[in-house]
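Pasting the structures here.
Next, two complexes with chain A in common: one pairs it with chain B, the other with chain C.
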Partner chain A sequence: MSLVTVMFYLMAIIALGSALYVAASKNLVRSVFMFFVTLFALAGLYVLCLADFVAVTQVVVYVGGILVLILFAFMLSGRESLAGLQQSKNRLFAVQNLPAFLLVTLFFVVLVNIVIMAGVDNLPWLKQAEKMHNVIQPADVTINNLGVNLMTTYLLPFEAISILLLMALVGAAHLARKEEAL
Partner chain B sequence: MHRNSKFTLSFYIIHILVAIGLFAFIAMFTLFAVYAERKVSAFIQDRLGPTETGKFGSLQTLADIVKLLQKELITPAAADKWLFMLAPIIIFVAVYMGFAALPWGPGLVPSQTNIGLYYIFAIISIETLGILMAGWGSNNKFSILGAMRSAAQIISYEIPAGFALISAVMITQTLDLQAAAVQQGILSVEKVKFLGAWDVTHIGGLLSWNIFRAPHLIVAFVIYFIASLAESNRAPFDIPEAESELVSGFHTEYTGLRFAFVFLAEYSMMFLVSMLAVILFLGAWNTPFPNMGVVKLADWTTGAAWGIAWTIIKTLGLVGVQMWIRWTLPRLRIDQLMNLCWKVLTPLAFACMIISGIWRLWVM
Partner chain C sequence: MITMTHYLVLSAGLFCIGLYVILAKQNAVQILIGIELMLNAAILNLVAFSRFDKLNNSGQTFALFAIVLAAASTAVALAIILNVYRRYRTIDPGKVNQLKD
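Up next, the complex of A and B:
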């Protein structure tokens, strides 16, 4: 087994294990911190796919942005209200969880089916690319390609997203503003 | 990945040795910097500072660290034990990992990646998470207030810092810090122009540093330097640990080795941000002396050993300025802090970015 395979399984186990903890833990704040481990393991998986730019973006956006935002919400809400949330007696195996279990199982079956039917190891276009050596090498610079594509092929989605974000910013600033006395 | 000859045992051993060496350097730097900080503050405030332990008190920090190692690790009864224990480690490791992509000399970089700068920017943001963890885990209102202030400050100041860095990147056209370093001296393969007009590719020295290749980067450098003070929670931006209001902020409850780790992280962060500024703005490991006629000063003072020496000298210079500022300026209030960030630094950084674009397209 090569080092890359070992790393892949290590990262996958960490990601799955921490994700399970996030879902099952009663301690909300610990869940959030464990979610950080999940995201970091995912970033590791991206690196193994030679998508290092995506991996770093994952860390910047989710860890530096979203996780900190969630933690802010927690810290501003105080321990008492959190304790109230955590006391709900939700057992894992209960009758009211039956629909959820059913849905999850069915979804899992569908996913496994798709993976088997797609046969990702034998896709014709993959085989062809491999034959023509049209594959990314570990030392390749991918960001130039990303930049050019963002500014040409994907310009419209890019601009649409930036306008959406601008709208969100303006909206947030408006909401946060002190209302003037009427 | 293919099993090529590069990945042999010695390859891994060298990487591990480099990592250990960097850690040793950071620890030594922290010992030295704490002593320097005390002496600098003593000089500025007209005191003597440490004098008893060793000659001129030079063994004082060593004695301090021995004391800290012996101290009991106290965990408050109401603290969240795991978060409380892990927080100092996460804070330090986040900063330590940043050193992986910083070049020390020609051909000397722990890990040359083509997105080095972006990686450092990402890995530093993990420190915020560690600080929030420490604040929440301590279960102490001072800690939580300090952590909130720290996170708010770091997130706000990431914006001007980021745009100042982007305006430098637009000039260098690479996120690989080693490539950015090579461009700023006589080893450059592309043409280097002083102020965009005078070809100094073979003259090198001070003239080919980024801040002189594009003079608006001086402004970007100052913006980045101010923002980096805020990111490492140093005065005048030390409201997260404002000792007159919050005891000592997010690390109020920490004792012994854990406290030492928080301190280690703060000083390595100072070195990290200064070194990043040196690499992107002040010529990285390149010599400040230009070639003048037959006196080839730049040729004589470029090399691996010289590179490490220049990096350390320039970075320690910036760390010295950080200390000087800390003991000179009073602490900013939170509204002044936010005003400075959003109304002064951010628009200026945007202007720098626009000028960078124009400079790259029409001047260089």
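Up next, the complex of A and C:
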């Protein structure tokens, strides 16, 4: 077992465990904070995939932006629904959750079957990439290439997504305004 | 060595947990967290395959775009949730059953 393998299993266990806690927890604020841990573990997994820039973006955007936004909206709206939810006990094993649990388990089995049957380790284009030395090595610096590609090959999606982000943020600010101001 | 199957099975697990959160929870904020979990599972797939594309970096680029899209959708969804709370005094999607007028 090399260090990379150990780190992968550690990160995977942290990510899956905290995600399960999010699904099982009755305390809503605690589940939001455990989602925080899931996001950090996923950033670690991105580093193991040799995508360090994406990992940093994940930490900055998700942990710094989205999670603070979720907590903020939660504090503004969740107080009385929090009290209402804590009255019902044992919500994980409630009978009403049984269909969801069955559906999710079967879906997971189907997904794993598809992954195994597709043979993702021996895909032709992966073999070709290995033959052409198109695989990122641990010592490579990918950020230069990523920036150049973002401004040349992927310029149109980049501009489209920036305009979409502007529209979404203006729309969100408009939606969240007080009623009297309309 | 970690193979692609490891990453894909892990992301399948995260996706299914997100699906369970969406199906079983009765709080709009938690449903939003489930959607974020599913999005993160998809992004993990993109990043895992991006290791085999050194020249074009397509996987990493579209992972970045997906993160930005998730941020935009979360902002709009939270604004909608705030409006729903203002009108109905609850954020249980099962109890929001009336149109505006």
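Methods note: the second predicted complex is superposed on the first by the 156 of 182 C-alpha atoms of A that agree within 3 Å, B and C clash if a C-alpha of one lies under 4 Å from a C-alpha of the other, contacts with A are read in each partner's own complex, and residues count from 1 in each chain.
Assume contacts are C-beta pairs under 8 Å (C-beta built on N, C-alpha and C of every residue); 3 or more make two chains touch, one makes a residue touch a chain.
Nothing here was measured: the structure is a model prediction, and the numbers come from that model.
> Label the relationship between chain B and chain C on chain A in the superposed model as either fit or clash.
Aligned on chain A, chain C fits beside chain B.
> Just checking: does A:C49 make contact with chain B only, chain C only, both, or neither of them? Give me first, second, both or neither.
second
> With both complexes overlaid on chain A, does A:A100 touch chain B (first), chain C (second), both or neither?
Only chain C is touched by A:A100; chain B is not.
> Once the shared chain is lined up, is A:V29 touching chain B (first), chain C (second), both, or neither of them?
Only chain B; A:V29 stays clear of chain C.
> Scan A:L3 for contacts with chain B and chain C and give back first, second, both or neither.
Touch partner of A:L3: chain B, not chain C.
> Examine A:F74 and indicate which partner it touches, taking first as chain B and second as chain C; both and neither are also allowed.
In the superposition, A:F74 touches chain B and chain C alike.
> Considering only the touch criterion stated at the top, classify A:A168 as touching first (chain B), second (chain C), both, or neither.
Only chain C; A:A168 stays clear of chain B.
> Hey, is it chain B or chain C that touches more of chain A?
The partner making contact with more of chain A's residues is C.
> Please state the minimum Cα-Cα separation between chain B and chain C in the superposed model, rounded to the nearest whole Å.
It comes out at 7 Å between the closest C-alpha atoms.
> Return the residues of chain A at which the contacts from chain B and from chain C coincide.
2, 4, 53, 57, 72, 74, 76, 142
> If you look only at chain A, which of its residues touch chain C in the complex?
Answer in residue numbers: 2, 4-5, 8, 12, 15-16, 19-20, 22-23, 28, 31-32, 35, 38-39, 42, 45-46, 48-51, 53-54, 57-58, 61-62, 65-66, 69-70, 72-74, 76-78, 80-81, 84-85, 97, 99-101, 103-105, 107-108, 111-112, 115-116, 120-121, 125-126, 129-130, 134-136, 140, 142, 145-146, 149-150, 153-154, 157-158, 161, 164-165, 168-169, 171-173, 175-176, 179.
> Which residues of chain B touch chain A once you look at their complex with the stated criterion?
1, 3, 7, 80, 82-83, 113-115, 118-119, 121-123, 125-126, 128-129, 132-133, 135-136, 139, 144, 147-148, 151, 155, 158, 175
> Mind listing the chain C positions that touch chain A in their complex?
It is residues 1-10, 12-21, 23-24, 26-27, 29-30, 32-33, 36-37, 40, 43-44, 47-48, 50-65, 67-76, 78-83, 85-86, 89-92 of chain C that touch chain A.
> If you look only at chain A, which of its residues touch chain B in the complex?
Residues 2-4, 27, 29-30, 33, 36, 52-53, 56-57, 59-60, 63-64, 67-68, 71-72, 74-76, 79, 138, 141-143.
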